[in-house]
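Each structure below appears as structure tokens.
Shared between the two complexes below is subunit A, which has subunit B as its partner in the first and subunit C in the second.
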Partner chain A sequence: MQRLGDFRLPPFFNYPPYFTLQPVRETREKQVQLWKDLILEYCRSQKIHTISLEEDFPLFSNPKIERSLSHEAKEVFLAALVSEGRAEWMDKGHKRCLILWLRIQDWANLIINFVKDNGLEVMTIEEIRSGIDTRGTELEGIERSVLMRALRQLEQKGKAAIFKGTSADDEGVKFSV
Partner chain B sequence: MRRRPGIAGLQTAAATRDQFRLVGENVAKVRTDVMKEQLATFRSQLEEFARKHKSDIRKNPIFRQQFHEMCAKVGVDPLASNKGVWAELLGIGDFYYELGVQIVDICIATRSHNGGLIDLLDLRKLLAQKRKATVESLSEDDCLRAISKLKVLGSGFEVISVGRRKLVRSVPTELNKDHSGILGLAQAEGYVTVEQVEKEFSWSTGRAVDALETLLKEGLAMIDDGHRDGKRRYWFPCVTINSDTIGGEAK
Partner chain C sequence: MSSAAAADWLPSASVTASGRPVLSAGEVERNLLPLVDLEPEENPRLGALRGCLLALTSHRLIFLHESSRSARGLPLATVVHAYPPHRRHSHNPLRSLFSSSSSSSSSQHHRIRLQISLPPARSEVVAIVVTCKADVDVFFGRLLEAIRARAWEVSPAAAPSTGAPVTEGAAPAEDIAIRMPVVGVSGILRMEQESWESAGQNLQDAFQDLNALMSKAKEMMQLAEKMRLKLLTNSSTESNSNDEEMGSKQDMQDLLLSVGIVSPVTKETAGALYHQQLSLQLADFVRIPLERAGGMMALVDVYCLFNRARGTELISPEDLLQACSLWEKVDVPVMLRKFDSGVKVIQTKTHSDEEVFARISSLAQKPDALQKGISPSDAAFTLGIAPALAKEHLLNAENKGLLCRDVSPDGFRFFVNLFNEIDSQNIYTQNPHGLYHTWITVGMA
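Take a look at the complex of A and B:
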């Protein structure tokens, strides 16, 4: 099985036609499904939060079979993720895409469980993103905007309160679990 | 017998016919009785054989096939009914039934990739994986028998020969000669180009494109425009699917 780094690639990745947008509806649907799943799994395993269509993304080409996705194909697959709520366009020109390999809701749950399990009450935003406590967990390196949205959801449910610290960089959150 | 005119004549004719019929029935009865007895003897011998070699029949696909052929020669079908002597003796009915169900599962699972046509060897490999057995323990003959049972259910399953391969078809799509020809050609590299098809069969471009487009629409082919030579390739998943790498070496 081929690997990209330590990520195991699925068999369809080595089949040339999957790199060409298929014209027949049923075949296209199958193709889109496979690519959607692959993008989510890959981003999750590599903790990639955004994909830029103007930069090379290792998943979008396979040098072993000398095939790459066209710009149109990339847009189609990402748009499919967007319409499912698993991604969001970050700009009107559809050049950057935020990948929600976990939905905001899922992130919120993850955070609350993490906080409970570790008996934490107050943390700064930076601590959540890059502190010792979160090292090795899925929270490590979480995209700031995603984290804030998840925290705001928790705030709405009364499970957290975001507060500003002494400096602009010092935002924190108090959890009430 | 000379026919005599008049009512009496008619009555005689009728009586004569009756007599012939009686004799005929008797002869038939005697023949049937003898045959029944012969068959009964043979059946019990066959059952004895099956009992003795039950374990061989279950374990050894070649033996299994020979056993089937022996039964077929005398018009006995051990798979005819799931109940009854044979099924109980050998559990063979269950074996083929189970195999049939697994074949259906695999065909359905792979249909969106190969359009409903799968190479028999690939099917066997996937079956072996599913059953956690070796490919050798499940012969081609076993699969063909299980599939022929499926056919009886009217489920649209069929085995067709294309080129030097056997393909299992699980959808009602009919393949005409042009289509089969292209599939056969695709067995070399897993794909064909319009040019190759034209050249191989001496067809016009129109005819080649027509056939390829139909195969595409049926979900049996996929297009590939990514080769650096710029020529469109039509790939046939039913021809190259491999349980691990799909078209790994093909370019």
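Take a look at the complex of A and C:
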């Protein structure tokens, strides 16, 4: 089985037409669906939160069959993710894309369940992102902006309260489950 | 009248699949009248013909009953005398108001009387009644020319010599001409006049030569026809000819096919019927090349082939296009088709897109094609058609969802469409009997 890092690639990754933007509508829809799923799966497994169109992204080319996606194709697939709410453009020029392989809502649920299961009440932002408790979980290495948005959602529901510490690095959260 | 059968006192004439008269070797069309009747004037036992197309050729007057595609041919050799066209003046103008347009008692129609001598030794008088709007005088002029020319008597092997003595005659005439002074304005004018006259004479000589050339050309075409027939009989009797021999025979055949038409339909011979007759001649001509090309040919290729066969009297692209569009109105087995890309082709009506798709699909599923896909030239080679047409077929198949494109620095290739075979919920597994599985085992090797 072919791998990209430790990510298992599906067989159709070696199908040359997969890398050419298909003109026929029905075929195109199928192709877009496969790319959307693949991007999300890959990013989730490798914990990649952003894709930059100006840099090489390993998923977008296959040296084995000497094919890679054109700029237009990349834009089409990412735009499809954005329409579905699974991604967001980070700039007006559509050069960087935030990949939400979990929606903000899903992140919020994940966090609440995590703190419940582990009996945690107060944590700093940094602890959530890179502390001992979250090591090995999906929360490890979470993109800061994504985390903040999830916490703010929890805040609105009255399940958390964000507070500032003595310095900017010391932002923390108090959970009330 | 349902056919030309009534005039059984005339020899019958064969008609092509499209309804054009079949001409014999050396027979050339000279003029056409769209609608005539043929009335025997003296003998009531001879059947008349109504509502026929009249084709004057170098050998016959062919009366073609279009709807039944039957025809009768009156040999020009039997015409003893042709009377100039005249209109019968009716004493009763009211009668013409009540008579039908095809009735011969109408005073509006021209009548061309012919005295003919039918074998064994029967003399009859018949009249061609021209019931349509036409230039009857031009037709009559051509009729007289054709009768005078007696083309049916010319044996194919004879080399006609025309125009030889004329150039000789010009020189003495010039010598005899009084020499005028060559000084002053009158001298200059005189020189102008002389050079103009000699140019006129040269032109006349050239046309004489051209006539000689045209008859030579006719000979060449007859020779070519003989050779073609010989080839046909040879290839059918020989059972063990090797490939090389067949190849050169094929080349020969191609060459001869291109000089197949002896009597082109021209604006001159067909007048207002030009496009209609051209359209039918084209339908007849294109049948064999189409068959050999597998049922479909690019319009540009037909244009080249058709004009080559016509030799002189070339047709313009507009004429060709118009001729093709007229096919919609007649019952011919061919049609014009325009692809999405704009490419125009001529195809037989029985051509089936489905059949081509089936062949393309099976080609795309061969092991080589699963690995590397197919290019337009691969398809052209396998299907036996021109690469431009092959690309149209591939694009068509792509539109139907049978193929997918692969664009890369290596070029434009097509693969069988696997997207439909992939289960997006289960991307790591596949049906062990499916196309996707075959591709994984064979194509990714």
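Keep this in mind: the second predicted complex is superposed on the first by the 177 of 177 C-alpha atoms of A that agree within 3 Å, B and C clash if a C-alpha of one lies under 4 Å from a C-alpha of the other, contacts with A are read in each partner's own complex, and residues count from 1 in each chain.
To be clear about the criterion, contacts are C-beta pairs under 8 Å (C-beta built on N, C-alpha and C of every residue); 3 or more make two chains touch, one makes a residue touch a chain.
What you are looking at is a predicted structure, and each value in this text was computed from that prediction instead of being measured.
Chemist: Just from the overlay, do subunit B and subunit C fit on subunit A, or is there a clash?
Modeler: After superposition on subunit A, which the two structures share, subunit B runs into subunit C.
Chemist: Mind working out whether A:Ser130 is in touch with subunit B, subunit C, both or neither, as first, second, both or neither?
Modeler: After superposition on chain A, A:Ser130 lies in contact with neither partner.
Chemist: Thinking of the overlay built on chain A, is A:Gln22 touched by subunit B (first), by subunit C (second), by both, or by neither?
Modeler: both
Chemist: Which partner chains sit in contact with A:Asp37 here, subunit B, subunit C, both or neither? Use first/second/both/neither.
Modeler: second
Chemist: Looking at the overlay, what does A:Arg67 touch: subunit B (first), subunit C (second), both, or neither?
Modeler: both
Chemist: By the touch definition at the top of the document, which applies to A:Arg8: first (subunit B), second (subunit C), both, or neither?
Modeler: In the superposition, A:Arg8 touches subunit C alone.
Chemist: Determine, for the stretches 4-12, 238-246, 274-282 or 436-444 of subunit C, which one clashes with subunit B when the structures are superposed.
Modeler: The overlap with subunit B comes from subunit C residues 436-444.
Chemist: Mind sorting out which residues of subunit A both subunit B and subunit C touch, each in its own complex?
Modeler: Common interface on subunit A, subunit B vs subunit C: 11-12, 14-17, 19-20, 22-24, 26-27, 30, 66-67.
Chemist: Which residues of subunit C touch subunit A once you look at their complex with the stated criterion?
Modeler: Residue positions touching the partner: 373, 398-399, 401, 404-408, 413, 415, 417-420, 422, 424, 427-428, 430, 436, 439-440, 443-444.
Chemist: Going by the contact rule at the top, pick out the subunit B residues touching subunit A in the complex.
Modeler: 112-113, 191, 216-217, 219, 222-228, 233, 235, 237, 240, 242, 244-248, 250-251
Chemist: Which positions of subunit A touch subunit B when the two form their complex?
Modeler: 1-2, 11-12, 14-20, 22-24, 26-27, 30, 65-68
Chemist: Enumerate the contact residues on subunit A facing subunit C in the complex.
Modeler: 8, 10-12, 14-17, 19-20, 22-24, 26-27, 30-31, 33-34, 37-38, 66-67
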